[in-house]
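Here the chain labels run A, B, C and D in written order, and each chain numbers its own residues starting at 1.
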Amino acid sequence: MFSTLSPGALGLSLDHPTAVDLAARHGFGGVDPDLGHFRTLGLEGTREHAAAVREKGLQWGMAGLPVPLDGTPAEFRQALVDLPESLDLLSAAGVTRMGTWVRPMHDVLDHRQNWRLHLGRLSLVAGLLEDAGIRLGLEYIGPKTFWSTERFPFIHSLREARELIAESGASNVGLILDSYHWYTAGEDADDLAGLTDADIVSVDVNDARDDRERDEQQDLDRRLPFATGVIDLEGFMGAVGAAGYTGPVKVEPFMKSLAERPVDEVLEEISGLLDRSLEVAGPAKA
Amino acid sequence: MFSTLSPGALGLSLDHPTAVDLAARHGFGGVDPDLGHFRTLGLEGTREHAAAVREKGLQWGMAGLPVPLDGTPAEFRQALVDLPESLDLLSAAGVTRMGTWVRPMHDVLDHRQNWRLHLGRLSLVAGLLEDAGIRLGLEYIGPKTFWSTERFPFIHSLREARELIAESGASNVGLILDSYHWYTAGEDADDLAGLTDADIVSVDVNDARDDRERDEQQDLDRRLPFATGVIDLEGFMGAVGAAGYTGPVKVEPFMKSLAERPVDEVLEEISGLLDRSLEVAGPAKA
Amino acid sequence: MFSTLSPGALGLSLDHPTAVDLAARHGFGGVDPDLGHFRTLGLEGTREHAAAVREKGLQWGMAGLPVPLDGTPAEFRQALVDLPESLDLLSAAGVTRMGTWVRPMHDVLDHRQNWRLHLGRLSLVAGLLEDAGIRLGLEYIGPKTFWSTERFPFIHSLREARELIAESGASNVGLILDSYHWYTAGEDADDLAGLTDADIVSVDVNDARDDRERDEQQDLDRRLPFATGVIDLEGFMGAVGAAGYTGPVKVEPFMKSLAERPVDEVLEEISGLLDRSLEVAGPAKA
Amino acid sequence: MFSTLSPGALGLSLDHPTAVDLAARHGFGGVDPDLGHFRTLGLEGTREHAAAVREKGLQWGMAGLPVPLDGTPAEFRQALVDLPESLDLLSAAGVTRMGTWVRPMHDVLDHRQNWRLHLGRLSLVAGLLEDAGIRLGLEYIGPKTFWSTERFPFIHSLREARELIAESGASNVGLILDSYHWYTAGEDADDLAGLTDADIVSVDVNDARDDRERDEQQDLDRRLPFATGVIDLEGFMGAVGAAGYTGPVKVEPFMKSLAERPVDEVLEEISGLLDRSLEVAGPAKA
């Protein structure tokens, strides 16, 4: 398990080389890959860049999946046409994790129709990623203020996400576990029992506002880990640790104020909060 | 298609013999059976009673299904133990329709878990009813103010209900179509296209309050048909007529004020509103 | 409903222009499109060719789907990359039907895993075809000597095929009905009841050997329609007629002897057998 | 893990008291409960009997589930009516395991229809057994000479059985693992990887005839464990041991010749073969 600097998740506009430097300077264990930057470098340049990043002692976090699982057939097909170029670059860099989230509602497709849509596409994408040696993380979204906004609520719990992954038949698909979704979904440490490293592709630690009830929390208005104590991060990270998780841990608070503060100050704080999260998770399992 | 007096649906406390008399007096085409009363009559008495009801020119509406589809295993089993006595009485009376509704949410079971629970039990109950020559009607519940109140929304649309029925594999299960659920589910006449008499077990006509948006309507606060014009009863009953539906049509307004008015006045009004609904449906298909 | 010359189904090596001429000469109502030939003509040439075919009074039969539903993810993706060129050519020609068959067994994937594989891919392909105004026909394979040859039998009945199509959620997918599969699957006219023109994309009429039991019939060893009387073609085509089917009807006997006889003699016979099949189906529904 | 004397599985007609005595005399660790005998004893008598069996150092094996999962609705309902009496007796005796097998084919219901039938009934029965503190074992049947004999093959592999159990949502349902089905299903030790004690309710060790190919083996014509070496019992029992399995292990060879030999001789041999099987499984996991 290692802390990761994900500028996008922090709402910071950092070009990739700067992000790499800042991640190293502030003691992060990893940094998110940047497909756009890799494209400018080309395959060979990306290989060299990745070597340099490794030399700084940094691991790769997770890349975003450039495939809309719920797009139109034409959009989804086009994304498949384009996918190999991205996979080639990520493979060249040694990136092994990509991720996406599942939209937790739909105005037209009911739960079963939407399940079939996601299942078929997830299986196909997983197969293509597997050929490239890349695992896929799937994030479920917990806040009721989000999943209840359209006619047909969809996956918004860990159990549903795990069943979707199991039915995909893919061995390279796992969860993106975010404490915020885990909390808003009404889940606790017991729900995480039995998970292994193979089940988890990425972890997010966030806290929630303390002036709102659980079902009133907004997806895009969170707090930094340990800020309010609303979310049981000890229980969450303890379970993640017990699972023997070995991947990236990041913060995704959706707080605009972060972009208004000096970046070094922000990253020093974030790095420290992530270190504290890792400590809470306990020593790595043998 | 025939109008039916269902005292329970109107919130009226009428003993069964009185209900039969009132149904005949006010020009209803049918009346709901009353299992409790049948029990007091016994098998032979129920047969005689049913003959008398038929002589008054009344058909049977629908009996409630005394089986909790979402009960505990022990509760569901006990209901199966008790079921044959009810089926024997209803068969003796010549009743051919029973019905129940599907709770549109659950706090623990997600959509897929709840689907499996309902599917297995529905199939079993349908088989037992089929042996007794009885069809089973299933009612989906539309109001968002209801299905969004627990963690996992469940069936709350016509399409989901039809898929559940299709998967049950039972040929004697159909829909209870209620204009109020159809409206609150955001459905229109096109959604009813293609239905046949075999797909429909019972029909309810209700209107909605005109001072609330669709997603704010409450399940237990409706209006009498044609009262506000919020619900497109022409479209609804037109589609029911086009399906060639031959069964009972009733009103279920959940208006306490009905019980406070003179019963004859109320039933005269209801009977007239149902006649108007039948007219809107158009002439019976050949 | 119209008779169609499908050289491939007859085991005849005819170049496309020859097939068109022969179809017209021998009184077929249609001819199968030939993607390979269309490619040599280009878009504009294909449009002109199609106009000429129409002027001969011929309709288009069905094109083969160039997508392996059960290929590896990489193979399936590549087929999607290539698909638009084919769809453009077929659209230019005015072709509206493509078809494929479902392999009725798998040595590794069990029934449920294989279902998920096919369902996801079928939905996606159907969406892409729908954008091009093309319907997709799906053929189930009936012979036990085929589906029982690997570890996990898969779809080998009409009911399974219809459920797969229904779950795909696609409105442009239907069945390829082949009397040979219908017979070997142990089905009868009742199984075809309720089908409509929208449910059927193509029809094959074949008979079976009369010296084998049903479960011993081989997929690739059939007889010409009406040859043995083993298959109830009256029941089959009567049901197809009752469905109001308006599409192509062809013969696919897998008899090598056809290629050894004079082609004009063969096509005269086939055309006559198809005309007899259409007669058996009865007059077109209004 | 303990060896168990199951007279029925050996084809021996032993009354229950005799079976108990023989089990103790020949060093078995357990004996199968006998519901018929318990009925003659009544609740209190069963309690006393069970105490006596425990005093002999014997544990209970598994009782047969007196519920036909694939019976008609009326048959299944009647079995549910009768079930509590059996559960009460088994609970009084301290029995914690019941089991049944899944018929691996059907002439009318296809795989999906049959799945739904079994899933719904399994969930319900599991719930009733859970209330009684009893786990349910499910046995899949492997021989192709059996599952290929009707129109629609059904569950005949470990993976399918595990998915059915997972979908049942029951925490008290597990597998009956029989080396004969595991072998005939074409499975190996890898397929058993990851199983835990909670996944296994009972274990059978058998060998197969060495003059038949795998797909020609007959379900009811097996060999005693280690007799031919056709089945890799080291791999099988090694995996069972690695799972930390703590339950009964028995032999079920369907060899009529056993009943023709002196019973003490037979049981001495069986007990020894089971001891050897336990040894192969390795020391109990901490």
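Convention: contacts are C-beta pairs under 8 Å (C-beta built on N, C-alpha and C of every residue); 3 or more make two chains touch, one makes a residue touch a chain.
Just so we're clear, the structure is a prediction, and the values are computed from it rather than from any experiment.
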Set of chains whose contacts include both chain C and chain B: A, D
Fraction-based call for chain B against chain A, same above half, different below: same
Chain pair with more C-beta contacts, A-C versus C-D: A-C
Separation of chain A from chain C, taking each centre as the mean of its C-alpha atoms, in whole Å: 46
Gap in Å, rounded to a whole number, between the CA centres of chain D and chain C: 47
Where chain D touches two or more other chains, by residue: 113
Category of the chain touch graph - line, ring, star, complete, other: ring
Interchain pairs in contact, sorted by label: A-B, A-C, B-D, C-D
Chain A residues touching chain B - in the complex, by the definition given at the top: 110-113, 115, 148, 151-153, 157, 159-160, 163, 185-186
Interface residues, chain B side, partner chain D - complex: 72-74, 76-77, 80-81, 83, 113, 116-117, 119-121, 123-124, 126-128, 130-131, 167-169
